[in-house]
Amino acid sequence: MAQQTRVRSLDDPDVFVESPATIYDAVPPYPPRTEREAEFYHLRDGEMLINLGPQHPSTHGVLRVVLKIDGERVVDLDPVIGYLHRGVEKICENGTWHHAISNCDPLEYVASMFSEAMPVLACEKLLDLQVPRRAEYIRVLAWELNRIASHALFMGWLSLDLGGLTPILYGFIERDEIVEMLNALTGQRVLFNYLRIGGVNGDLNHDFMSRLGDWMSHAAEQVENQTKLINENEIFVGRTRGLGVVDRATALRMCATGPVLRATGIPYDIRRAHPYSVYNELEFDVPTREEGDSYARYLVHVDEIKQSIHIIDQVLHQMPDGTVMAKIPRWIRPRPGRAWVSIESPRGQYGAYVMSDGSDHPFRMRIRDPSFFNLSLVGHLMPGNLIADTMAIMASLDPVMGGIDK
Amino acid sequence: MTDNALKRRLETRLAGQLLGPVRARHDTTEIRIGAANVTSVMSTLHDEPQLRFEILADLCGVDTGDAMQVVYHLWSETTPDWLRVIVDGLPREDPRVPSVTFLWKGGEWAEREAYDMFGIIFEGNRDLRRIYMPPDYASFPLRKDFYLADDAARSPGQGFRHMELTHQPPEALPENLLRRSKL
Amino acid sequence: MSVLARPWSRLTPAGKVVLPLLGLLVFLTLALLVGFATGLIPGLIRFVGDLLGANIGIVRFVVAASAILLMSVPTAFVIIYMELKVIALMNLRLGPNRVGPWGSLHSIVHGLKVLGKEDFTPTGVDVPVFTLAPAVTFLAPVLGLLVLPFAPGLLGIDMNLALLYFFAVSGLSVLGLMMAGWSSFNKYSLLGGLRAAAQIISYEIPLTLAVVGVIMLAGTMSLNQIVMNQSGSILDWYMFKQPLGFVIFFIAATAEGNRTPFDLTEADSELVAGFATEYSGMRFGFFFFAEYVGVFILSALTTVLFLGGWNAPFDIDPVLNALGIRFDLALDLARLDVGLLFLLALGPVVGTLLIALPIWMLRSDWSFLKSLVIGFILLNVLLAAAVGVWLALSFEAVVGLGWFLVKTYFFVFLFVWMRATLPRVRIDQLMGFAWKWMLPASLVNLFVTALAIIVVSEVR
Amino acid sequence: MDLPGKGIFRGMALTLQKFFEPKVTVQYPEEQHDGGPKGRGRLILLYDEYGALKCETCFQCAQACPIEIIDMGGVDTKGRYHVHWGPPEQYAERREDSALRRSGRPVPDQSFVAYEAIDTAPLDRILADVDYDPRQMLTILERTQEAYGYLPIAAFRHISSTTGAWYAEVHGIAAALEHLRVEPPGGHVVGICRCPNCTLMGGGRLREALEAELETVIGGTSPDGRVRLVAESCHGESRLRPHLTVDGADQDDTTPAGATSLARRLRGHSRGRAQA
């Protein structure tokens, strides 16, 4: 059992050293590098480490969490990310502005209409470009549809991680309808690649509109079904109410955004806090809850779906005529400068900080992913809870590893 | 479009700590400070009742080719503008900045990311280790003197493919390939 | 050798099968003739018959045990198929639909697949314990089947202490789960095993206490006797005399069988697969079978204790008498004498033709052979149905078994339905529910039952 | 204050209701998913009406591809060099080869042969009649053959690009069915029957002789294009000799020697002349 491992020395990459750690331990085979790591890997009596992931049914992608547990109770934890890291910021620096759109697409693979918007909006801001109003409305339509698709999946995932089999499938039925609709609009089901610098790729078509009309006629009913199935279920409520409570100050201190922040009562929604596109012409509420627990986060998602349906209704009534692409140069070279754009994705604030040096490549493209900041909350929410609750908390934060690992 | 009142407030309140004039473009107000003033400026921005920048929207590192920067984006309900704080002029050899984790604990991971990608040391961060790259990785990928994967072995940190060290072309030196910002 | 090998290799594949069989037939015929001629075979039969008759208890036990062991696997197959299909239908999916009609042979394919998988033993496990655990887990519910009364007269052993035996044996399953959890050398398995211990032991108490009410009413622990006590009208079922006990028993049985919402031991979203994480191949299959046989026996026990076992909910004879329908189907085939031979020889042919001809005439584009095949299949179906009806009307046990299975599978369906709908509870909620609610409730039930018995007897 | 367990029972009622509702599963291999009007699932190269590739191998798409998924090869505009974009160890050419092989055509260099252009008006009429439905491929091909006398390669291209059926599929159907021909019809049609009856009466030897003399196989045309050998059916008429027709007329002399001289006659001794 005491098979020792040989690891590369941290000081000299050519030297291999025998590590006291065995292959069965979660303890890293090198001395601790920071204060926090030393504290975490120092085990007291009765504590043990357990690897949750990277291949675990409910870690939402390849996330590894090292749990320090005492019996069933989680004492401390250390999330390890980076398994999906592909260096998208560096890739964007080496491609043109158009390349960045499809490179940013798979960041948030559950709702990629938002992540692909980042380079588009940033470049438009650098170019001081006026996007046609019809294009703006189509964008809002696509965003809100995608938000519903993402939220439908969230509701399913949360109950799947709590052991319920059925809601995830109902969620997927709902999502599939929307995804098919967007497929008719954009030509892809998951990574849409639809937004363009200066507009969108293609106007609304008949197929999309007929599917949308079909869906709108029973969208509210689908939400109602989900509500019936799980919202008041005593087991579900018992599992999530009072679990993973965040208060306002902590949420602000932890840079949480999106439904996580709104579940604590702070109505911070970029669509209202800092309106972009045509959101200031549309009427909708920012749903909030006061409790800040997993159940509140769930209910915020449910309410947001209703608000999104309301927004889509307005967009369809107010859709102006016109073109869907602005006139843009074939070869985009923005003036040197910096821009910060930010939109409200289903998980919170998606942001991009871009720098241009006047060439056709971005000089620096920084993507601010909401899941990245939201996920760092787990270190504060989990200690003291049971192992079973780690799933409920993690699912209620709704992380998407593609965006976290970039 | 930009918020002039905010500009005036910042100028009066932070006078002496700014490296240049308060600038504004689009919907963003921008200030530049030195590394020494980060703690006091950030505390002021966070705590001052007229400012109350409670939300740290983003924290990232930048390599301009000449110097390192750390860029913060803040949001407050007192102004319609975003506030961008640039910590400018960090030396490329040994960039060090005070951490803002005492105000925003959630900045911890963002600081780890900036350390991982640029090698910027955030003093006061308790957990400053690599976050994306493996722990025995030796270079900083987003620096401008780091090349693409094929060139990784030629990076100053010697990359991750030891065998490729033998095929190093003599002209591929970092200073020859450095792309510098024209900002 | 080539003298034999060459003709053999020239045979067609069918010939290679038929020829040895033909040889075997000839040999057996000769052997039987010789045996009967010398009186050897009748003597052997008489001897074996005497031997078995002298040890009828042992024979009964062996037959019952093997029958139950053989029965457990098809039962598990049926319930696995039911679980797949019912959950799929509730999820708006189609579920298994490729193998067999409506995918009904799917679980058999599952079983074969499990048999064909590599039996993997990871490094670091405690090999003897690791190997034994699935067998222990599987045998615990199977042994419980031994005392279940399926129908009047159809039960393994009519034990005086059947209930006690039942709880003792099914309590063994926790041992198997703990063995699996501990020996797997995996922290998830260990947690799963410990959860299993805590959960099953906690729920044994309300489970047993809920049954004590029934025992007090019935005055016996023999399951057969308990069922007989419930014969009569539907109101004699203990479900109506012990409603609280029934609910407690059902909830505790859910936990005892590790079913959703109490399937914490193998909680797939938390502990990957709990105690079964490190198992593969047939060993994993044993855990699987154990779970589904467990579901069956818990449903069956619920039926026996509270729903009157094999008793029909209503008596059909008075209705039939009132309608003037009388069945007298006591067939005496021996009376037909030589006619029986003709019936056996010609019956199938004539029956097939009788069914096939109208089909052929109606669907003239079909070949006659096709009509014949369909006619033969239909004839078999009709005959089977006729035999079934005859059995049901002639033997009380068949009707009883039918009612028993209907009730049992209703509970199986309920278990599956709950699995399709409900999320899982947390371990502390589970334990809290057991000790804070179930235990007091079952004690109250016990107290009220005892009081009622005394009051009723005093009043009388 | 709700009753305890109310939420659970509502959920159970919902699942029981769904138990009886129609299902949403799409049974994939039987029910194909429609990609939609803008589907970007599969990259295809476009052909013009002359059957030539519209791709000029300029590599602009491969250079612009942000995720560098396109690797491509081809011949330069002068037709001299093979050019290639993408990692050298990948098998762009081999992939193209196998596509050709699957389409039933000989592999080397045939892909660069320019096909005869055709007047697509009759073909367009046929396609419009069947509403560009690729499932009616057999009808399309048969009527095309009626219109043109044979199936030109350019017609395959046109059918493939308008109906959306794969080129290999169209070509494969045409190649698999014996009554469809891709070559222009020859001068004479020699038909022999292959039923057991005729074969017993010496049809096999007859066929061997004809194939040897015409230098082709059943379904093909002789190299000079004058005689086409096809399979015919004797329709079960019982004769004491194999069934052999020339241009529809029944022949009496069905010995192999007679068939050889018949074939020579039909080809006008072109083989002998070519040798001389």
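Every chain is named by a letter (A, B, C and D) in the order it is written, and numbering of its residues begins at 1.
Methods note: a contact is a pair of C-beta atoms (placed from the backbone, for glycine too) under 8 Å apart; a residue touches a chain by one contact, two chains touch by 3 or more.
In this text the structure is predicted, and so the values were computed from the model without any measurement.
Peer 1: Could you quickly compare A-D and C-D and let me know which has more C-beta contacts?
Peer 2: A-D
Peer 1: Using CA atom means as chain centres, which chain is nearest the centre of all the protein shown?
Peer 2: That would be chain A.
Peer 1: Provide the C-alpha centroid distance between subunit A and subunit C, rounded to the nearest whole angstrom.
Peer 2: The separation of the two C-alpha centroids amounts to 48 Å.
Peer 1: Just the number, please: Cα centre separation of subunit C and subunit D in whole Å.
Peer 2: 57
Peer 1: Could you grab the centroid distance between subunit B and subunit D? Build each centroid from C-alpha atoms only and quote it in angstrom.
Peer 2: So the centroids are 62 Å from each other.
Peer 1: For subunit C, which residues are shared contacts with two or more other chains?
Peer 2: 90-93, 420-422
Peer 1: Could you say which residues in subunit A touch two or more other chains, in rising order?
Peer 2: Expected reply: 166, 173, 229-230, 233, 235-236.
Peer 1: Got the subunit D residues that touch at least 2 other chains?
Peer 2: Where subunit D meets two or more other chains at a single residue, that happens at 8, 11, 14-15, 24.
Peer 1: Quick check: in the complex, which residue numbers of subunit C touch subunit D?
Peer 2: It is residues 86, 89-94, 97, 417-418, 420-422 of subunit C that touch subunit D.
Peer 1: Under the touch definition given earlier, write down the residues of subunit D that touch subunit C in their complex.
Peer 2: It is residues 8, 11-12, 14-16, 18-19, 21, 23-25, 27 of subunit D that touch subunit C.
Peer 1: Report the residues of subunit A in contact with subunit D in the complex, numbered from low to high.
Peer 2: Interface residues on subunit A, with respect to subunit D: 95, 98-103, 166, 173, 180, 183-188, 193, 202, 205, 207, 225, 228-237.
Peer 1: Okay, in this complex, where on subunit A does subunit B touch?
Peer 2: 7-8, 10, 13-14, 28, 30, 33-37, 81-82, 85, 87, 89-90, 94, 125, 252-257, 268, 273-274, 336-340, 342, 349, 351, 353, 355, 357-358, 363-364, 366, 368, 372-373, 376-377, 380, 405-406
Peer 1: Which residues, counting only subunit A, touch subunit C once they are in their complex?
Peer 2: So the residues of subunit A touching subunit C come out as 1, 24, 48, 50, 56-58, 72, 159-166, 169-170, 173, 229-230, 233, 235-236, 238-239, 386-391.
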